[in-house]
Amino acid sequence: MNNAPRAHIDFRVRYAETDQMGVVYHANYLIWCEIGRTELIRTRGAPYAEMERGGLALAVSDASLRFHRAARYDDLIRVECWVEEVRSRSVTFGYLISRVDGDTPAERLVTARTALIALDPRGRPRVLPAELVLNLSAA
Amino acid sequence: MNNAPRAHIDFRVRYAETDQMGVVYHANYLIWCEIGRTELIRTRGAPYAEMERGGLALAVSDASLRFHRAARYDDLIRVECWVEEVRSRSVTFGYLISRVDGDTPAERLVTARTALIALDPRGRPRVLPAELVLNLSAA
Amino acid sequence: MNNAPRAHIDFRVRYAETDQMGVVYHANYLIWCEIGRTELIRTRGAPYAEMERGGLALAVSDASLRFHRAARYDDLIRVECWVEEVRSRSVTFGYLISRVDGDTPAERLVTARTALIALDPRGRPRVLPAELVLNLSAA
Amino acid sequence: MNNAPRAHIDFRVRYAETDQMGVVYHANYLIWCEIGRTELIRTRGAPYAEMERGGLALAVSDASLRFHRAARYDDLIRVECWVEEVRSRSVTFGYLISRVDGDTPAERLVTARTALIALDPRGRPRVLPAELVLNLSAA
């Protein structure tokens, strides 16, 4: 799946994201994955904010992360996100989080995967719109 | 206002709340204030969760904090909260956050004050229900 | 491994932990796991805070979470934590996060597992102290 | 002081930063202030990360925030930060947080001020280095 088109976004580590070990607290990487996912979905059609206003929410049902190296305060971070699998009611995303040196990812920090299920505004499972399935599959 | 009846709640500092300075990141104290406020409102009538379902939200309009000493990981913390002033559309709360030793507050960490305004479900200012004003004033 | 002795801790969902879907933002469950782990380690010898001051840090190397149901603001939450496996340089913990009704876990929300590796103060892998291995294995 | 040179930084609101009221949880603005402060300090000499490695930490001693309007998920946010006052052992920063439309700040969301005191690596008050005082005053 590593050849799937990827979206990416760069940002700096916030002081608030560090912990007393002197590195980024591990739960923050899950937040960073969501930032990458937001960018990927933006490039595949409507922004997620619009999707949600239109009655489709995506809720994380499974997440797995492997922590290779730790990010530090003020590091420049790149989150890459791609579609791993699309099904009628769910979609799985893959993530690569790296430290960026100059303009290129220099060090792999975290790899992750999350599965999301489609929910209607009342929180019940629903099918993904056909157009979104197409857009995500084309990814 | 220091004689106003107070609610309090105790909890331990989470690892996630520390930063690389080895102490609690300062924005977390604002979250802790909200935990104390939730307890105070619970003792003054309905839980805030019910208030919100009933169409009344309280949004913070002003906050000020003074940081005297830093909390550390696994410290036992006490948040005390009281009503400073009730008006028709807003209420101001005071807070004292301490480190607890045994069962008594041993060290003052942070003092704070927040003003909250009443909002309807569409986010427009509204008056506080008379009963809540009474309950909060009796505080 | 479900028969392994468990530590548990109860607390209420904070407003700060919700997101605009009206439920707890998923990354917070990873923070909650760490709260349960802290309690388990406390019952197996020294508090983690002391361990860290003594030159032993535990860093999360892998995490996986399954989200069954969503927690909501002010819900009473129980985190149960147990040891799944102890090795010379790493230890794996299991977690069950439930909504508590009265005094008993009423609804399974999240199940999770994290592997942690032992680090020295410079961030290099080290072996776990024999006593800690014994204490954790006895769990 | 509104004529003091300002640094600014833009970013999008993260889903994790929203709460169940459908807007950004208020404590996050304090984190955003710190992001603006990091950028200002970067433009006034060494990055804060280097300052801290060199034995100078800045700890927030006072904070006040006024919340005018709420930010929403995926909004483009601009944080502007400037120096309000420099003293031998402390420095006060001002902040303006806006929603950006196109490339210009379109709506004022939050105004804030934080005072920070200089600490040595053991957490004791110290004087600010003369060069930093000069650089910040020139701001």
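Residue numbering begins at 1 within each chain, and the chains themselves are lettered A, B, C and D in the order written.
Following the convention adopted for this analysis, contacts are C-beta pairs under 8 Å (C-beta built on N, C-alpha and C of every residue); 3 or more make two chains touch, one makes a residue touch a chain.
Treat the numbers as computed from the prediction; the structure is a model and nothing was measured.
Ranked by separation of Cα centres from subunit D, the top chain is C. Here B-D and A-D were compared by C-beta pairs in contact; the pair with more is B-D. With centres taken as mean Cα positions, subunit D sits 33 Å from subunit C.
Inter-chain centre distance (subunit B to subunit D, centres taken as mean C-alpha positions): 24 Å. If each chain is reduced to the centroid of its CA atoms, subunit A and subunit D end up 27 Å from each other.
Residues of subunit A in contact with at least two other chains: 15-16, 20-21, 27, 31, 34, 73.
On the subunit D side of its complex with subunit C, the touching residues are 15-16, 18-23, 25, 27, 73. Across the complex, subunit B is touched by residues 20-21, 26-28, 30-31, 34, 52, 57, 59-67, 70, 123 of subunit D. Within the complex, the subunit D residues that touch subunit A are 11-12, 14-16, 31, 34-35, 38, 47-49, 72-74.
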